[in-house]
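In the two complexes below, chain A is the common chain; its partner is chain B in one and chain C in the other.
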Partner chain A sequence: MKLRTLHLVTAALFALATGAASAQQPILISGLVELSGTGATSGTNFDNGAKLAAKEINAAGGILGRKIEYTSSDTQSNPAIAKALAQKAVDAGAYVVLGPVFSGSILVSMEETRRAQVPNFTGGEAAAITEKGNPFIFRTSMTQAAAMPKVARYIQNNLKAKSVDVMWVNNDFGKGGRDMIVKALGAEGIKVGADIPTEPGQVDFSSAVLKAKQSNSDVLFVYTNEEESARALRELRKQAYAKPIIGETTLTGQKVIELAGDAANGAIAHVGLTADAPLAPVKAFDAAFQKEYKAKSDHNGLKGYTAMYFVKVMTERIGKVDGKALAAAMHGAKMTVKDNPGVLMDVTFDNKGDLDRETFMTKVVDGKQVVTDVLPPLGAK
Partner chain B sequence: MSARRHLAGLAVVLAALVIVALFLKRSDVYLLTLWAVYLMATMGLNLTAGYAGQMSLGQAAFFGIGAYIAALLLKASWPFLAVLPVAAIVCFVVGIVVGFPALRVQHHYLAFATLGFNVLAYLAMRNEEAITGGTFGISGIPRPTLFGVDLGGHLAYWYWTLGSLVVLGGLLWWLLRSPWGRAFTALRDNPIRAESLGINITAYTLLAFAIGAACAGIAGVYYASLVEFIEPGPFHFSTSLMMLLAVIVGGSGRFYGPALGTAIVILLPEFLRGSSVPWLKFMQVWYLAFFGIAVIVLMIWLPGGLLSLRERLDRKGGPQ
Partner chain C sequence: MNDFIQLIVSGTATGTIYALAGLGFTLLWQASGTINFAQGEFVMLPAFIMLFCMMAGAPLWLAFLLTCAFAMLVLGAGFKKVIVDPLIHHGVIPLVIATLGVAMVLKTVVRAGYSAEAQQFPSSFPAGQFSLAGITISYADVGTLILAAAIVIALQVFVTRTMTGRAMQAVAQNTDAARTLGIDAKRMVLYTFLINAILATVTALLITPTYLAKFDMGESIGLKAFFAAIIGGFNQTRGALLGGVLIGILENLVGFYWSPAYKEGVALMLFLVVILWRPEGLLGTAEERKV
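Our next item is the complex of A and B:
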């Protein structure tokens, strides 16, 4: 009899202990990121941003008193693997999925998170992502469709150009951007000169640059991934290309400046969110990121970082850890820096999952990205 | 091994694959299905490379052609069972067209010729935007409903793919035991002797190549329907290399070689990544590096592939 009592007490204690543990159970957030392959630069930055935010949030007591458990897994920049990992994240009971960054991968993997009704924050910029009526997908940056008209307007008003050459990388990112800028330039009445496609991972840009030189347009628009942008800038400098060089998001990114060295000086780009934005929360982020990783974040780092804070802010707003409720609350959500410094800039989400906020015109001066203009949100004009 | 023991062994493995899937998570079943899909293509490549001895680096192109045909036709509401023969026949014909000039050259020259074809096919998939959707690919490819059974679920699709794999494997098994199959092997071992025995070398080489291509086309159909999205990336020539690696690692010219090789190439990295055993934790970060090293070691120690392990051990002690 005595033994039995002991058993009962043990069982009761055990039940109590596990019960207490479940109240303290961490919130599982899964990152699907490109840590190898062609997307490694973007994915690693995104992942580091998310990790940093999770660390900060946990240090400040977590979300609703629960710690974040953030795990990241490598999609190898391959859509078929990304799909498998999305299923795995869902199976593991993830509250939210962050990533992938590559548009091709997110287009596949978001079908899985949608089926499981798990909110999914992506770094992808292709327009198609939010045009499929998926109520669980949210962006962490502005779309190409929103960004390119601003670039075209800048080329028209500030550079007074009549014709523009377009150099782009032939993948979903580059092709999407190329189609959008050509449309936006057309709307401003600017002629497109040479249309120059380049390969993902291309090393030699001599013939691409030669084409741009020979076409003699007023401005060159460069839209490639980070490493290719650096190679293009080096070759442009080598061939003494003298016209303005303008890009979007990638061209003046930190990684590009590091790789291109002096050749990056003078490059102009429109950027959605940059670590060099003249704002106090962004400066704080920049310092923390550099301290943690001994490197400067590119725009993808800010995407991952803000995504984690979007989750925190909105979860606390709805007052429970419930994926479906979170997704519903995200539509039409407005978050301000005043109340939540972690979101870095005031931001609003529409009912498709697209976000809107201020953007910047930046220029590389002496190996540093400098903000020259702050452009208002689209919804504010 | 006697035929009876062989069949019994096969039945045990298949039964295990059927039962194990019931206890696996969705993502693991998906990976198993991916294995079966790639296996269809590597079994075809094994016929070309392992049995007929023709080094082909264009398998991913046929895989892609099958996948694009499937994507376009399935989206146009064609029944799955009608799409399969179309993809197989188109790949067979393209295989003959490509193979005819290419097979006049042999071995590593053929490897480069087929590699060129793969690059060409990749560029066509990427640049012919009107048909292939270019770099944006084709999304929303439906999974089939057959005989009133919806194969949209992960388990249903796995069983359907496994069943199809067994049928395809059976056909290849039969082919290899037919006079044709013996002609393929004769061709690989000594083309001059084979010709002196009255085997038309060109015709049989071409046939092996085209049948291998048709297998890849069939695999492509299952791939498109499995991932439900295709873009040119998975059909890059690096996939051809991966498939050839699977054939060689498993043991080329051995019937079950590709099954083992494909499992190693597709499943081992994911298994290592997912390992939660404490002393294997470092694999979550290092799995790709470990995988690369393992393949190198294997090729040095067992150039005949994993299935040559037994012969290797039997030979131990004697000179190599």
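Our next item is the complex of A and C:
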């Protein structure tokens, strides 16, 4: 009897000890981000946002009592490297993978996280990402399919345009956006004038801008990555382009404004996330980010930050660190700022991994992004 | 027609910038047999040094002058002393490999110091534009064109009309004969490296407002400058000007009338055509060709 009691006590102590050891083990979250190459601006901001959130969460006790161990790797804006790093992350036992931000990279790398059944939160916005039936992929921003109709409606209602030129970057992000805006403009009865493709990393936009000037449509829609957006804006001003210039997500981003200087003034864009949003949690994020990095975050910083908080909120909701359970719980999940300030805005996820929340119309005024309208979530209509 | 002329003007402005960097290739080749594959990074580094000076409070003109001094010291005299002099006796290949290594080191250092993100760089010319016979021309294009052309012409005059320039040419054509004539060959070669450093700094000043300051900005510039030098003639300083302008204009025309997707391939295509049709370059002379 005494021996049996002793065994029971020993087993209980062992269970407690291993349980305690497990509680002490950090939760591994891997970031696959563009720290160099054409996506360096996007990836660096995303990474910084994720790091800031991890720091805050760890300072507040972590997730279910366990600290986050966030490590980021550079995809070099290259899909093949992103795929290899995704494989490395799942082999290392990552609970969740954050990134990449570039649509072309996530479209390739997410096959690895899907195979390993690891939830993957991406900053990519190409519509195709969540149309492949991958139950482990989740967005941190609006899909182009949801954002472009809002842009087209704004062009119709506010700019009263009859024709629009479309300047886009020839990668997965730009091609997807171009297809969606053309479809959305068509639905609004707006004619597409010049269709102007540009190349990733393109430096000289003189011929592209000349095409837009020659077309003489009422509005120019610009959909390129950050550096290219800045160069396009500079060239548009250089050639005295006088029509309204509108974009989606990138055009009025912080880095674009910084790089384009005065040329960014007057540019309009629909953005899913902005550090200038007139919301208290976003303002708190903005202050914390600037304090940490001595720079203002663009929308990608908010993507990385909220992604980390999505993981925290939902992991605590399911009560265990289980990738498969987390992915299942994410479908149809709703998170509110009231209960979870880290998510910054009330958000809902659908069964494809797309999210829905308020969005903003912004304009660059005197070198600053100003929110001109707050648009309700699509589900609120 | 107006579009065509506008494309020619802006293409010429861009082309003269390629020519400045390409000129460095030809000068170093002629003077010392050095093919500097870090030429693009020699443009990138001064851009960041100027940014550093401006962050410290210097106006652009002062930042430029300070960077010229830095470039002459490090990218001119330092490069010659540390890299070229010890390797030049081993032939072209070790030097080419060494300059490729220098390029990698410079990129890594700048990336570590400034991050991989692009940085804004102010233009040396006022914003705005004017119309001439229905063509919109920016002050920046005109300024770039004038400054770059003035530098190329001044250099041509210096090399052909001054005693020092002629001595440099003599060293480039036949070092032993030049020494026999009492020319300080080492000093002439050093002058060439110093001029190359200044050309790289001027190129950085002109091109960075468009390219944006980024650790890998030199890759494209270096390649186009190299092609410009080959197309024009590696043994002719004025050849780089022709090569650069041709690339600049054709890039614009192809981007506008065909597709921007082919724009980056223009220099390579032109390079291939010239190499096949006239290997010494458009203005080069066959008998002096060393490559």
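Methods note: the second predicted complex is superposed on the first by the 359 of 381 C-alpha atoms of A that agree within 3 Å, B and C clash if a C-alpha of one lies under 4 Å from a C-alpha of the other, contacts with A are read in each partner's own complex, and residues count from 1 in each chain.
The rule we apply is simple: contacts are C-beta pairs under 8 Å (C-beta built on N, C-alpha and C of every residue); 3 or more make two chains touch, one makes a residue touch a chain.
This is a predicted model, so every value here is computed, not measured.
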item	value
Touching partner for A:T372 - first (chain B), second (chain C), both, neither	neither
Which of chain B and chain C A:L210 touches, first, second, both or neither	second
Contacts of A:N170 with chain B and chain C, given as first, second, both or neither	both
Which of chain B and chain C A:A126 touches, first, second, both or neither	first
Partner chain in contact with A:Q202 - chain B first, chain C second, else both or neither	second
Which of chain B and chain C A:E111 touches, first, second, both or neither	first
Which of chain B and chain C A:T336 touches, first, second, both or neither	neither
Contacts of A:S36 with chain B and chain C, given as first, second, both or neither	both
Shared contact residues on chain A - chain B and chain C	36, 170
Chain A to chain B touching residues, read off their complex	36, 73-74, 76, 78-81, 83-85, 87-88, 90-91, 104, 107-108, 111, 126, 128, 170-172, 174-176
Complex contacts: residues of chain C adjacent to chain A	3, 6-7, 10-11, 14, 111, 115-120, 122, 127, 129, 136, 138, 140-141, 209-212, 214, 216, 220, 251-253, 255-256, 259-261, 263-264
Of all residues in chain A, those that touch chain C in their complex	35-37, 40-41, 44, 170, 197-199, 202-204, 206-208, 210-211, 214, 227, 230-231, 234, 237-240, 255, 258-262
Interface residues, chain B side, partner chain A - complex	25-27, 30-31, 34, 126-127, 134-137, 139, 154, 227-229, 231, 233-234, 270, 273-274, 288
